[in-house]
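A, B, C and D are the chain letters, set down in written order, and residue numbers restart from 1 in every chain.
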Amino acid sequence: MSELKPADPNWEENCRAFFERQEINRTFGITMPVLRPGYCELEMPFDRRFTQQDGVLQAGVPAVLGDNAGGYAGLSLFPAGSNILAVEFKINLLAPGRGQRFQACARVVKTGRTLTVNDIEVFAIEGETRKLIAKMQQTAIRVDIRPA
Amino acid sequence: MSELKPADPNWEENCRAFFERQEINRTFGITMPVLRPGYCELEMPFDRRFTQQDGVLQAGVPAVLGDNAGGYAGLSLFPAGSNILAVEFKINLLAPGRGQRFQACARVVKTGRTLTVNDIEVFAIEGETRKLIAKMQQTAIRVDIRPA
Amino acid sequence: MSELKPADPNWEENCRAFFERQEINRTFGITMPVLRPGYCELEMPFDRRFTQQDGVLQAGVPAVLGDNAGGYAGLSLFPAGSNILAVEFKINLLAPGRGQRFQACARVVKTGRTLTVNDIEVFAIEGETRKLIAKMQQTAIRVDIRPA
Amino acid sequence: MSELKPADPNWEENCRAFFERQEINRTFGITMPVLRPGYCELEMPFDRRFTQQDGVLQAGVPAVLGDNAGGYAGLSLFPAGSNILAVEFKINLLAPGRGQRFQACARVVKTGRTLTVNDIEVFAIEGETRKLIAKMQQTAIRVDIRPA
């Protein structure tokens, strides 16, 4: 995809403001090391509170991280005054969610006036090792921000 | 689906033991009001810690709840000595995750020797009102429990 | 879902006109035995031309049938002047596509101003037997019909 | 993904034999210009017989092409004596299926003893232009070939 021009000059500030307003980011310890037009990386530490029967991340947790990464990637290309909501996503769990921390890399595959489609990969990081643990395909929709 | 005979006479005890071992259930305040062969209902309260920019549940949260509900529904039909892992799921978000509590209803659509496919609906409950907020289709795999 | 009131008084005529304009229906021998607001059933005969290595339907074929069924179900509730396009779908193949004919039953789960989400089941029919062979979840979008 | 060593020395011959046995390839005019371990490209011409109301490919058609491409990519890494079946797939339709011919590029994301997960892109080709029209994520399962 080539035409990754943000339509809103304040796209970065706007994405970061959204990030701050999402309480779930604080709860999961999510940070945003990388944000570019149409691309976003989020990270979170391993946290025993979010594990399943084998002591690894429950399958919904990479989806929490990946869904937010896709949201910022998509939002970065929308015009000013836009809110973004997930319409749907599909995730394949490829390996156990075991590691020191987890990274979601989201990339806009197609953006339009209404919808954005994002490709998202989630990795487990342990020391120098980075392993793909989930792959996700997400559709999100642009809606107008409603005046408060 | 008619042939919902559990293969393991201890299916219920086994599912409840899995539930107890999943730390995420405590973290999200998840309870299991209903468990039958091939069917499971889970509930969780609304919790501001899991919200996005509009103060409603982030899109991954119904997936956390629904994935676990599908897991117990699938596990209830597997033979003794089985572990269950999510292979993949797809979720459509149909309405904002706003309410007093949330309920996931998971039903096995097809169970086999290796895979189970589950249909999952997630509802928001507010007083007497119960509203469908997400619909999910999940594939999970049976694996042998490894000796500790 | 309760509010299945068609917005277009000519909904049925309109859906049938769409059906006629889809060349693929003729190619696959698809018929439309049932059409109600928010619900559609399509059928097609078994056809050796659409089979894979084991002589059963290739996995994309139930998707062809189910996608069209979802399209008419969704279109039936849209206002006059609407075209409908598939945004995405997910399908689980549950049993081999073997039988005399195949039936897709599509039902609108949620309809909005822009999107419709549909639940679709595909069955194989052999004499008196009707077997679920695929389950599908589809998102489609309303767009204005462009003047020719 | 690095470990793309075929387990079956006859992997290529085997994949091509599967291709020949799939009647749907002849019906859709599908060819296989590229086959490597864990990767496959298929092509098909535009064909009016497979179109929807706007004269472009019906949404299930890129799924037919992509599903087969994923099947050969996955099969290429399986041991001798393997059959492969689609468990499920999800496809996003990104642009109308309009062009002279269509190309599906499938790549194995993760292969295991039982399952393979594939990432598939479908392009429309018109002269020198190649446009992404669909993105697909597929899960397929290895089963033993049953003696005839």
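In the analysis below, contacts are C-beta pairs under 8 Å (C-beta built on N, C-alpha and C of every residue); 3 or more make two chains touch, one makes a residue touch a chain.
Fair warning: this is a prediction, and the values are worked out from it, not measured in the lab.
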Walk from chain B over to chain D along touching chains and report the minimum step count. 1
Which chain pair shares more contacting C-beta pairs: A-B, or B-C? A-B
So, what's the distance in Å between the C-alpha centres of chain B and chain A? 23
Whole-angstrom distance, CA centroid of chain A to CA centroid of chain C, is 32
Give, as an integer number of Å, the spacing between the C-alpha centres of chain C and chain B. 28
Give me the residue numbers in chain D that touch at least two other chains, ranges are fine. 87-88, 90, 92, 117, 137, 139
If every chain is a node and each touching pair gets an edge, what shape is that graph: line, ring, star, complete or other? complete
What part of chain D is in contact with chain B in the complex they form? 87-88, 90, 114-115, 117, 137, 139, 141
Please give the residue numbers of chain D that touch chain A in the complex, ascending. 1, 90, 92, 94-95, 109-110, 117, 119, 132, 135, 137, 139
Spell out the residues on chain C that touch chain D in their complex, using ranges where they run on. 18, 21-24, 26-27, 48-54, 58-61, 63-68, 83, 85-93
